[in-house]
Amino acid sequence: MTLSRDMLEASPVASELPVEAVAAAIDACLASQQSCVSCADSDLAEDDVTAMARCVALCVTCADVCTLTPRTLSRRFAANHGVTHHVLRACVLTCTDCAEECERHAAHHRHCALCAQACRACAHACEALLQAEAFAQLQKLAGA
Amino acid sequence: MTLSRDMLEASPVASELPVEAVAAAIDACLASQQSCVSCADSDLAEDDVTAMARCVALCVTCADVCTLTPRTLSRRFAANHGVTHHVLRACVLTCTDCAEECERHAAHHRHCALCAQACRACAHACEALLQAEAFAQLQKLAGA
Amino acid sequence: MTLSRDMLEASPVASELPVEAVAAAIDACLASQQSCVSCADSDLAEDDVTAMARCVALCVTCADVCTLTPRTLSRRFAANHGVTHHVLRACVLTCTDCAEECERHAAHHRHCALCAQACRACAHACEALLQAEAFAQLQKLAGA
Amino acid sequence: MTLSRDMLEASPVASELPVEAVAAAIDACLASQQSCVSCADSDLAEDDVTAMARCVALCVTCADVCTLTPRTLSRRFAANHGVTHHVLRACVLTCTDCAEECERHAAHHRHCALCAQACRACAHACEALLQAEAFAQLQKLAGA
């Protein structure tokens, strides 16, 4: 899926952030958004619901954060770097929590194994973007 | 992107709908969700904002419907066919509206050309699913 | 809360639907949105999670539909009556499902009793709006 | 609207945060969520769309953050304080941006005047909650 990259490149507004890193984070969030909604639903249908309760809660929250993050990253006009920063940090935290919990059930529930992978990938993509953002700010300071 | 298909196949709940068609609609919605958020943002930064106002409004609405649809389609436990049906119909209508408007600007704004394609593809994937749903109901009646 | 009514009345776009009925549906949806998110979370923390699994699933879905509905109803510019109609019908169905399930647990879980009330009220407000919409269309036909 | 407070009080999970402050922030977010969706729509229908483009962009973003914040605040089970903290900070920033822009148009567009008030109130309620959160952490340290 490179549509998100094409969309970013078609924007009339320039960005300091590398477009590949932003597109990668958007795509990773969209994947997690879906995997978390689906994993929470599957968890509720498993025989061991009690053992899965925490997984449901984390997946439901992660799906919501992974809905806001790609929206925030897709917008450049009137974007506020502080908002982007805090949204990315919330996304890294919630994806990491969710991945850790899903990993605990990965051996016996395939939906958890798949969702854990998607959440890990999303946390990494958002962390990479936070680093790119910090680097862009350093470059600005060095140029000033 | 076949993660959504893998997630559906890992669900402990059976479904009457063909998994490829559901996964295709989910993926098409996620693509439209992103393209519509991005297109609305780009529209607002263009010189001819007045001419783009309707495009912004339709993209913003389409992004919201394309956020609900994949969530609805990803859930099988306690799913209500009527809810799925009405969400799919709302999605076909809003994606068609949005595609038509974006097509009017496709020649001069690449983001509109890309978004129009994504919305057309999403409308088709959701229509295909509505047909699959009607067919599944007919088969039930024939079996009864 | 009359802010939603004030916002609708401040819109430069006229609407055929009675503003009180639209505002009432918006407010009822916002209340259900919150009660369903909260009820799903409380359900997961109860001792009898297995018995609450269906309630979690219905609340999670209802919260999502009750997020889209007030957004759809708050928009008049470029609004598509078909989209509004199908969103309202999905909302009535999901709120009714959710209210019925919450009512089953109302005697022993206060969050379910409160959520059931909010969902019933939302279903009624959306049904009233569907009737107002049908009446507006009849008046148009009679005038033609 | 005290439903959100009643819902929080009915939760089986204890919280360190004062329930009135959390409920006030939830209610303020729900109000901003609606006012921002409505204000963006009204902006697009005004004659001076070009002058309103920034207001549309900020309202659309603010509506999305004000959709995530009350969901995050309504959940206690498996809640991550870091996620709550970053979501609240993103919410204060985006509500403040949006209020400032809406205030610039408040004299000639009533929807902007109303939306500015709702966003200011939301920023204050979220700031109050961030202070309550910091105070709760200090108390923990003092007790340890």
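Just so it is clear, A, B, C and D label the chains in written order, and each chain counts residues from 1 on its own.
The criterion applied here is as follows: contacts are C-beta pairs under 8 Å (C-beta built on N, C-alpha and C of every residue); 3 or more make two chains touch, one makes a residue touch a chain.
Keep in mind that this is a model prediction, so the values were computed, not measured.
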A-C compared against B-C, more contacting pairs: B-C
Distance between the centres, which are taken as Cα means, of chain C and chain A, whole angstrom: 29
Separation of mean Cα positions, chain C and chain B [Å, integer]: 22
Contacts with two or more other chains, residues of chain C listed in rising order: 41, 44-45, 53-54, 57, 60, 67, 71, 75, 77-78
Chain contact topology (line, ring, star, complete or other): complete
Chain B - residues contacting chain A, complex: 1, 3-4, 6-8, 10-13, 26, 30-31, 33-35, 37-39, 41-42, 44-46, 63, 67, 70-71, 74-78, 109-111, 114-115, 118
Parts of chain B lying in touch with chain D, wherever the complex brings them together: 40-41, 44-45, 49-50, 53-54, 56-57, 60
Contact set on chain C toward chain B in their complex: 53-54, 57-58, 60-61, 64-65, 67-68, 71-72, 75, 77-80, 82-83, 86-87, 89-90, 93-94, 97
